[in-house]
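What follows is a pair of complexes built around subunit A, which joins subunit B in one and subunit C in the other.
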Partner chain A sequence: MTVTRVLEPWMMEPLERFVSEADARLTLIMTPAGQVLAQYGFTRAVDVMSAAALGAAIASSTQEMAGLLGERNFKALNHQGVRHGIFLAEMENPRGRLLALVVYGPETLAGLVQLFFEELARDLEQACPNVKPTEPVLSADFERELNNSLASLFGR
Partner chain B sequence: MSLVNFTTREITCKIVYYGPGRSGKTCNLRYIYGKVPEERRGKMVSLATEAERTLFFDFLPLELGTISGFATRFQLYTVPGQVYYNATRKLVLQGADGVVFVADSQARQLDENIESLQNLQANLIDQEVDIRTLPLVLQYNKQDLPADLILSPHELDEALNFRELKSFAANALKGNGVFETLKGVSELVLRKLSEETPV
Partner chain C sequence: MSEYLRNALDGVTRIRGVRGALVVHADDGMVVADSLMESVRGNAVAALAAGIALRFGNAALSTGVGSPHFLHLQATGGTLIIVPGPTGVLVVVIGDKELNVGLARLEMLRVAEVVR
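Moving on, here comes the complex of A and B:
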């Protein structure tokens, strides 16, 4: 089953619409540091993190290259393979600069992905609420659980 | 900064292993990768040169488990240590929640350690991050080498650890001190997260 997950509910509808219209196989929306805000199509969380880290690295290095060439930025990047293509682009959002990494197949076209990406960026900008939610996170005695988690991670 | 998903109750933190070339940053990640059960880690991604020197970064995602009801994940990165890769080092450092500074304990590498620590500070300032508020631990790696070649943890503390940060003696190749270092930085990162959003 294909999984769609979002950090905050307002991202869900624009992402689902984009995936459906662009016929994307996988999509990640993330911060420039590679933290995933929304995802479609990945099953393992650790695979998502790897894809996001690589996507963010490509975007960051491309931006640095743009700087060296005196360009403000290269907004989108597209690689087409035989079975898959990847589309990586940035968008402005009230939450700051965001990146989208889209994996698509021969059932769609790079142009369509780009077209619907622009719509996605607009939809996310409009859907974004002004106030960022803040809730308590960790209990004061989290160390014991952390120690147990790390110990089991290392088989101790 | 740490990413907290309240809907799915997940926390994701980015930890960067920083330090001079050949100090053992990648070695730390390789050891962790080898020790952690497969279902709790992703693939280790290494963007390296043909000679296996880190070109951009190494990356290892870990599933820590549930802490305070949140599924907690760590993203471990290394930076390239070589001086001329500073541009990529800066990129990897973006958004780091915590840093492990891996120092090479060999006496002849002391200047490189100091230079790299200064470079860390400069790159953080560039990103408007105050090194005094960033969770940071020091690891003194290669403590297994003959005593006449290396500085002791106490000597390295004197030379590098002005802020009395937590420091760990290590032999990352064999894994000594690797777990303790990760635990040390994890505690600081989660403590900061806990203080930023008080219960």
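Moving on, here comes the complex of A and C:
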């Protein structure tokens, strides 16, 4: 059974609604640095870590490309294959900028994913509780926090 | 938008009761060209119409009746019409309940011919 896992409960409902409406196969919500906040469809931690790192790297590269072209940023990036497509887009949230990486199949359309992504961004913005000041991540804590995040995301 | 496509869409939007007409890429649900009233969200109509066309197409194929030539959805507040074109595009019209569907279909087929 495919399950949705979130680090913070307020993300659960918007993410589940998005996955259901957009017919997404896999979804990751993460920070631009690649820290995963929520996931749907992944079954192995190693896949989540790889996808998050690659997604964050792609977003960072396109950000630089946008800069070269005099754009502030690109809104969304879409790659369409025969059996799978990936959609990568960023959204503003009271917690800061977030990235969504969505993998979809031929049962849905890029336009639908994009449409429901816009709703996801709005829903997450509304659902987000009051912002608490973020503490700097120390390298000493990093591995522990990463392990805690992965444990939460995989229900261990 | 190309002049010929704009003219073709204008032919559809001139029909009484039409709120908007779009040419949509069937593979991804993105707008190719549109002529819409301000209140109509083009990208939403395009994506949802293409989603409907995809699902109806799959259903029709699996029942062995071939691919649909014309989709007409009548709702309480209006009408959605989809005509699949020959080159992977959909011509989509959103209109009022009183829309003359036959006339709209004729004009939509003209748009599909233009896109060919």
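Simple rule for what comes next: the second predicted complex is superposed on the first by the 130 of 156 C-alpha atoms of A that agree within 3 Å, B and C clash if a C-alpha of one lies under 4 Å from a C-alpha of the other, contacts with A are read in each partner's own complex, and residues count from 1 in each chain.
Convention: a residue touches a chain if its C-beta (ideal position, glycine included) is under 8 Å from a C-beta of that chain, and two chains touch if they have at least 3 such contacts.
What you see is a predicted model; the values in this text were computed from it and never measured.
Of the two partner chains placed by the overlay, neither subunit B nor subunit C lies in contact with A:N93. In the superposition on chain A, A:Q80 makes contact with subunit C only, while subunit B stays out of contact range.
Once the two complexes are laid over each other on the shared chain, residue contacts for A:L112 go to subunit C alone; subunit B is not touched.
Once chain A of one complex is fitted onto chain A of the other, the partner contacts of A:L7 are limited to subunit B, with no touch recorded for subunit C.
Between subunit B and subunit C, B touches the greater number of residues of subunit A.
Once chain A of one complex is fitted onto chain A of the other, the partner contacts of A:D47 are limited to subunit B, with no touch recorded for subunit C.
Residue ranges on subunit B touching subunit A, taken from their complex, read 1, 3-8, 10-12, 14, 35-37, 40-43, 45, 47, 56-57, 59, 61-68, 70, 72-73, 75, 77, 87-88, 91-92, 94-96, 179, 182-183, 186-187, 190, 193-194, 196-199.
For subunit A in complex with subunit B, the residues that touch the partner chain are 5-9, 31-37, 44-47, 49-50, 53-54, 57, 60-61, 64, 133-140, 142-143, 145-150, 152-156. Looking at the complex, you find that subunit C touches subunit A at residues 24-25, 27-30, 43-44, 46-48, 50-51, 54. Per the touch definition, subunit A reaches subunit C in the complex via residues 78, 80, 107-112, 114-115.
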